[in-house]
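Dumping the structure here so I can ask a few things about it.
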Amino acid sequence: MDKMPHWADVILIPLISLILAAFLSALVILAIGENPVEALQLMVQGSLGSTYGWGYTLYYATNFMFTGLAVAVAFHARMFNIGGEGQAMLGGLGVALVCLYVPWPHWTIALVFAIAASAAFGALWAMIPAYLQAARGSHIVITTIMFNFIASAFLNYMLVNVMRPAGSMDPATERFPEAVNLPTLHEMLLPFGIQFSKAAPVNFSLVIAILACILVWVLIWRTRLGYEIRAYGHSEPGALYAGISPFKIIMISMLISGGLAGMMAINNVMGEAERLVLNATEGAGFIGIAVALMGRSHPFGVFLAAILFGFLYQGGAELALWTNIPRELIVVIQALVIMLTGALDNMVRMPLEKLFLSMRKGRA
Amino acid sequence: MTAPAIELKGISKSFGPVQANKDISIRVRPGTIHGIIGENGAGKSTLMSILYGFYKADSGEIWINGNETQIPDSQAAIAAGIGMVFQHFKLVENFTVLENVILGAEDSGLLKPSLARARKSLLNLAQEYGLNVDPDARIDEIGVGMQQRVEILKALYREAQILILDEPTGVLTPAEADQLFRILHRLREEGKTIILITHKLREIMEATDEVSVMRRGEMVATRTTSQTTPEELAELMVGRKVLLRVDKAPAQPGGKVLEIRNLHVRDEKGVERVKGINLSVRAGEILGIAGVAGNGQSELLEVLGGMRPGTGEVLLNGQPVELVGANGRAIRDKGIAHVPEDRQREGLIMDFHAWENVAFGYHHDPAYNRGLLMDNAALRADTERKIEKFDIRPADGWLSAKNFSGGNQQKIVVAREIERNPDLLLVGQPTRGVDIGAIEFIHKQIVALRDAGKAVLLVSVELEEIFSLSDRIAVMFDGHVMGERLPDQTDEKELGLLMAGVSGPREATA
Amino acid sequence: MDFITLIQVLDSTIRLTTPLLLACLAGLYSERAGIFDIGLEGKMLASAFLSAAIAYVSGSVWLGLLAGIAASVLLSALHGLASITFRGNQLISGLAVTMLAQGFTVLVAQDWFQQGGRTPSLTGAGRFTGITLPFADALEPVPVIGPIYAELISGHSILVYLAFAMVPLTWWILFRTRFGLRLRAVGENPAAVDTAGISVTGLRYAAVLICGVLCGIAGAYLSTALQAGFVKDMTAGRGYIALAALIFAKWRPWHALWSCLLFGLLQAVALRFQNIDLGGIVIPVQVMDALPYILTVVILAGFVGKAIPPRAGGEPYVKER
Amino acid sequence: EPALIFDLGGKFDKSFNEAAFGGAKRWADETGGSFLETEMQSEAQREQALRRFAESGANPIVMTGFAFGDVLNQVAPDYPDTKFAIVDMVVEQPNVRSVVFNEHEGSYLVGMLAAMASETDTVGFIGGMDIPLIRKFACGYAQGVKAVSPDATVIANMTGTTPAAWNDPVRGSELTNAQISQGADVVYAAAGGTGVGVLQTAADEGILSIGVDSNQNYLHPGQVLTSMMKRVDNAVYEAFSDGTDLETGIYVMGLANGGVGYALDEYNEELITEEMKAAVDEASAKIASGEMVVHDYMSDESCPAVSF
């Protein structure tokens, strides 16, 4: 028999971990002499209290949906892709190349190609670690970490030595032409008579991100490929027995994962900054790990967790603005969530399992 | 009467919902070899692991030489003079024999003196008991038989008075096993007490002074070996009379379905496991492959099932089969079905629903798909049918595979494979860890497939199973086929010799 | 490159190798015992902060060092709790440890010193300063040998000498002592250790704590010897370079020394020269920055001798028959 | 309520950003008013910070650093009623004041002092990010050095090519060591937070250093020769004082209007002799009056006195 009902596993455990993380963070806030309740109010007000706040929350959430899905898809194949950060950076390069060097007539066409380019660049960056894992057994976690650093150095080189416009001091590309600017939520909602903040960066990419969630759900739970990915993730000898090629699954799942991470660039590079700057990813690749763990690798869970982290991110920025609590508070929260849902999982799980077991015995 | 060397009183142990030991009591007289016998999963290893301090009992007492002794960990067991050779050896593969022997029994903080003392001591033990090993060889460079000696030496080096051996012969040839028993007898003469776990009746009868029988976590009886019979023990073990033969009509073999010519297989480490074998299976025939585990049978099945690459020629109905490995799908498309040796690791995804497992390996079948997507409704309907036909219990396709008992898990696999109506069925250890009722059922299904004119290649380490199912028997040893026999023209003794690498004069006339 | 510049670059190599070497040996203990640790970076960072903070507040660098070690050991214990006691995913735990340190150091530093996440500069006894070895001054004028001894070998802080001394010591502990034998065994086959009557948990915690101590020294070196104070993210990926060096060294102490020296040299060269002109071909500084990682990937790919990690590495120990 | 946004490197870099903070604090202390402030963690946050303050009604909004130029150019038109001031960059929008400094003039003065204090006739320059702005510092400095001793050697190094170069004390320290081995006995750090490492190493190794932007003489009393004062504090103070009436357009701050200069206080009075002071003050007067012109690197991207 299962030790615990399925719902406890997918809902209760993340929830308890989250509450624990929140509680610990509150202690931290108290320790640095601020009021956690006020801090929470400020975070809620700043991130959900206005369309401007929502705009940023959703903007960040869009980033995290992409990176969260990326990590989740890899998790299903039992690959731990720490390289989302580097893949997203490369995705940014792809978007910048497409947007800068091709004169697009309309953003819709540009978007299609930007998606293709960002996904291709991200996937490319995941391909080498994937190949090394699949063909030579090199540990993918280590190689993807290394590839994050290599990506960062590479992008640095591109921005400083290659793509920086003449006469500019900024290590950043030129602004993309007007024609490729994605519509913001403000513009999208205006026809419906809804006034959404004009200043908020949330843009059409959100729609793409939600679509990606749905497509990943279909992929994982409804297609043969998804079936094979999950089977491989549960048991490699099993996959081999069933005629599922481990090489193929590692490659495909990592390419999809890298592609999703790369696609984040349509949001932050094409949608928001409208140019490529250094460190445009701002750690979203790592937050993706927290999001995937929290969301139990299920696309719907990832969607919810991404919004939660969008809220934390925007709320944290507000805290940094109006109080003495530095932005790093959210790094701490994020670390706690990863620790509790990813590594100290059993600490939460064991007592729960005992509880359910005794409840069942009590009934029987 | 002297106090028992070991007395266990009321030992119980559960793993979550599984109760592995229920209120077990046993006495072992000093200076004897005491056998413990029981089916797979009866709880033998668990009980011994408790005695060795590897697991902690939920309740119960341990008495050693008449004193109640607390054994919270293996350190305590060693201190109490207990040594254990586990079913799966506990050796550090890239250490030398010497390093493995001293691990945990070092004399001081520095290694040098310990190593020197151990070297001397091994020399003595080798002379005393005939346990020769090269102290400087690395574990991953010596064979299993040798590794087992190292395990015994480890215990003796720690001056164990009580030695537990958990299924020591599973990996040994009969000859190696005989040698082991000679060593055990020698140890008994020195006054040591030995507990021997096995589920082979022959070994119990040959080697032990007393025998205790376990069934489903309980201790059902203890007998003096000389005053019992294999039949009695078997009955005690399974709880009812064992059906030794399957009722089946004589085979009506047709044309050759499978032909294997000069097949070679290497494992991941590059070691050759199958060394050029030739075999054929005809329609309407079951070819049984006997052999001690680890002599290439597993690799043979895996190559034919598309799980690993090999070289040589394999023909199915005259058509060549590619031996490239990782091509299980192509293999299935050709009409080969495969019940793998390890259903939990290979045959099923334990976390998938039963209905998802029903398509495992056949998930490309158009019947299970609608365009790009899988047709889950069709899968579930098919599952219902199989549950009904194969009497899988509980009859709930939504349960995860891990929530079925071993027998029902195996039924899911067998149902899936047999229902494909393949030309050739590969079967590995079809009844390992399966309850008696399911064994009968599964055997009948395999015979029925044969009677439908299909070819079956059966691999089993249970000679009894080989005898009761096979129409023809091939014996493998060290990657070679030592010979083929017809079941009614041979006996266990002859097969045993072949399994040990001693080839006999008679060839089967197939 | 003239001789003086060479000496200077090598001198700087030694300074930059020190934190890498300490962290690399730290990882070596942990990973040899079967606990993968990608959290070296975080532990160094935590120690860099706390050692600088305490050294500033107390005015004693030794107290600072102790505090830094304590901070690092605390994180190690957390990693141990997750990966040994609760059998969690060691990689995720290591990542979380690093993030925790990245967040906490700034949070606490800001609360404590109100300087945007840095500590005030350390002065006097609040820092480790170079020690001049005997005869350094006397030998200085001797050509070649003089500068090598006086500039390169002499004049480093005590922690540098400690780091280099740790290499033979680690080798000796690992291969010549009972503790080392058991440590290596538990990383290869914990069940063998368990059935030999030794506590797997105890050994692994010991290894993880040693790792904490060494990371603590590495971090303290950064903020109290190499620099005079903490700035946020001051480890700047050194923990990951140390990890790379560990793989590069295939988990062996002497090889660790060479790989850390190599990566230290790369850093020294990258620090000193922006772009390196090799007779027409200009190597951009970014290539130097990325080289340790690229080399490690090449090693991992197994084209230049395969790096095989300890067999039980990364797997929590669950008793099985 | 006015707002101040610091560049990467942070409010407490003891240099550029800290000078800006000093000006804001002075304004707050004098008027009893309060102001908003925030620091950047990464490039990508600039726009959000700007918008957040504009949305919340802060006015004027002052930011330090050329890197805000591009985003300000985007954001300013969205908030026509808000006044912005940017330091170190020219942004041509109707509601923006652009404050730029004649750093080459101040650097010229400290270059003279460096040459006079040097015994080896070799002086060093360590810049932050390698951009024209920093070369402008270096060029002014080198001209000052050469004016005093034409044969002197000026070693110039840059810390990096990205904004991380503003906050890399380790590299600052290594570069200082390198320059010392090449004979430099005075180094001028124009590198934001990186300068902390330069000044530290210079003090450890017993040579003189020159601070930048803020008065950094106090960091190592008696070991910092002087500091090139770039009165970012004044720029911020004035912007805050002007409030919503802030006049837009380009503001140039040079020697003539006290925008740059060198620091002399109790920490370095023993290092600067009367002669040195006299020489520098004379040059300062000449430059201020326009009698003498220091070449500005950014005018033609070249420098007569030093090559990079």
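Every chain is named by a letter (A, B, C and D) in the order it is written, and numbering of its residues begins at 1.
We adopt the following convention: a residue touches a chain if its C-beta (ideal position, glycine included) is under 8 Å from a C-beta of that chain, and two chains touch if they have at least 3 such contacts.
Everything numeric in this text was worked out from a predicted model, so none of it was measured.
J.: Taking contact as defined at the start, I'd like the list of chains shared as neighbours by chain B and chain C.
T.: Touches both chain B and chain C: A.
J.: What is the distance in Å between the mean C-alpha positions of chain A and chain D?
T.: 39
J.: What whole-number Å value describes the gap between the mean CA coordinates of chain C and chain D?
T.: Chain C and chain D have C-alpha centres separated by 36 Å.
J.: Taking each chain's centre as its mean C-alpha position, how far apart are chain A and chain B in Å?
T.: 46
J.: How many angstrom lie between the centres of chain A and chain C, each centre taken as the mean Cα position?
T.: 30
J.: I need the residues of chain A touching at least two other chains; which ones are they?
T.: In chain A, residues 156, 160-161 touch at least two other chains, as defined above.
J.: If a residue has to touch 2 or more other chains to count, which residues of chain D qualify?
T.: 161
J.: Judged by the touch rule stated earlier, which pairs of chains are there in contact?
T.: Chain-chain contacts present: A-B, A-C, A-D, B-C, C-D.
J.: Quick check on the complex: what are the chain A residues that touch chain D?
T.: Going through chain A, the ones touching chain D are 52, 56, 156, 159-161, 169-172, 175, 198-199, 201, 268, 272-275, 277-280, 282, 317-318, 320-321, 327.
J.: Which positions of chain C touch chain D when the two form their complex?
T.: 4-5, 7-8, 11-12, 115-118, 121, 129, 226-229, 231, 234, 236, 268, 271-272, 274, 285
J.: In the complex of these two chains, what residues of chain D are touching chain C?
T.: For this pair, the touching residues of chain D are 10-12, 39, 130, 157-158, 160-161, 167, 169-171, 173-175, 177-178, 181, 193, 196-197, 200, 204, 219.
J.: Quick check: in the complex, which residue numbers of chain B touch chain C?
T.: Touch list, chain B to chain C: 45-46, 49, 52-55, 73-79, 84, 86-88, 90-95, 99-100, 102-106, 108-112, 114, 154, 166.
J.: Provide the residue numbers of chain A that touch chain B in the complex, in ascending order.
T.: Residues of chain A touching chain B: 1-3, 218, 222-224, 227-228, 230-231, 234-235, 237-238, 240-247, 357.
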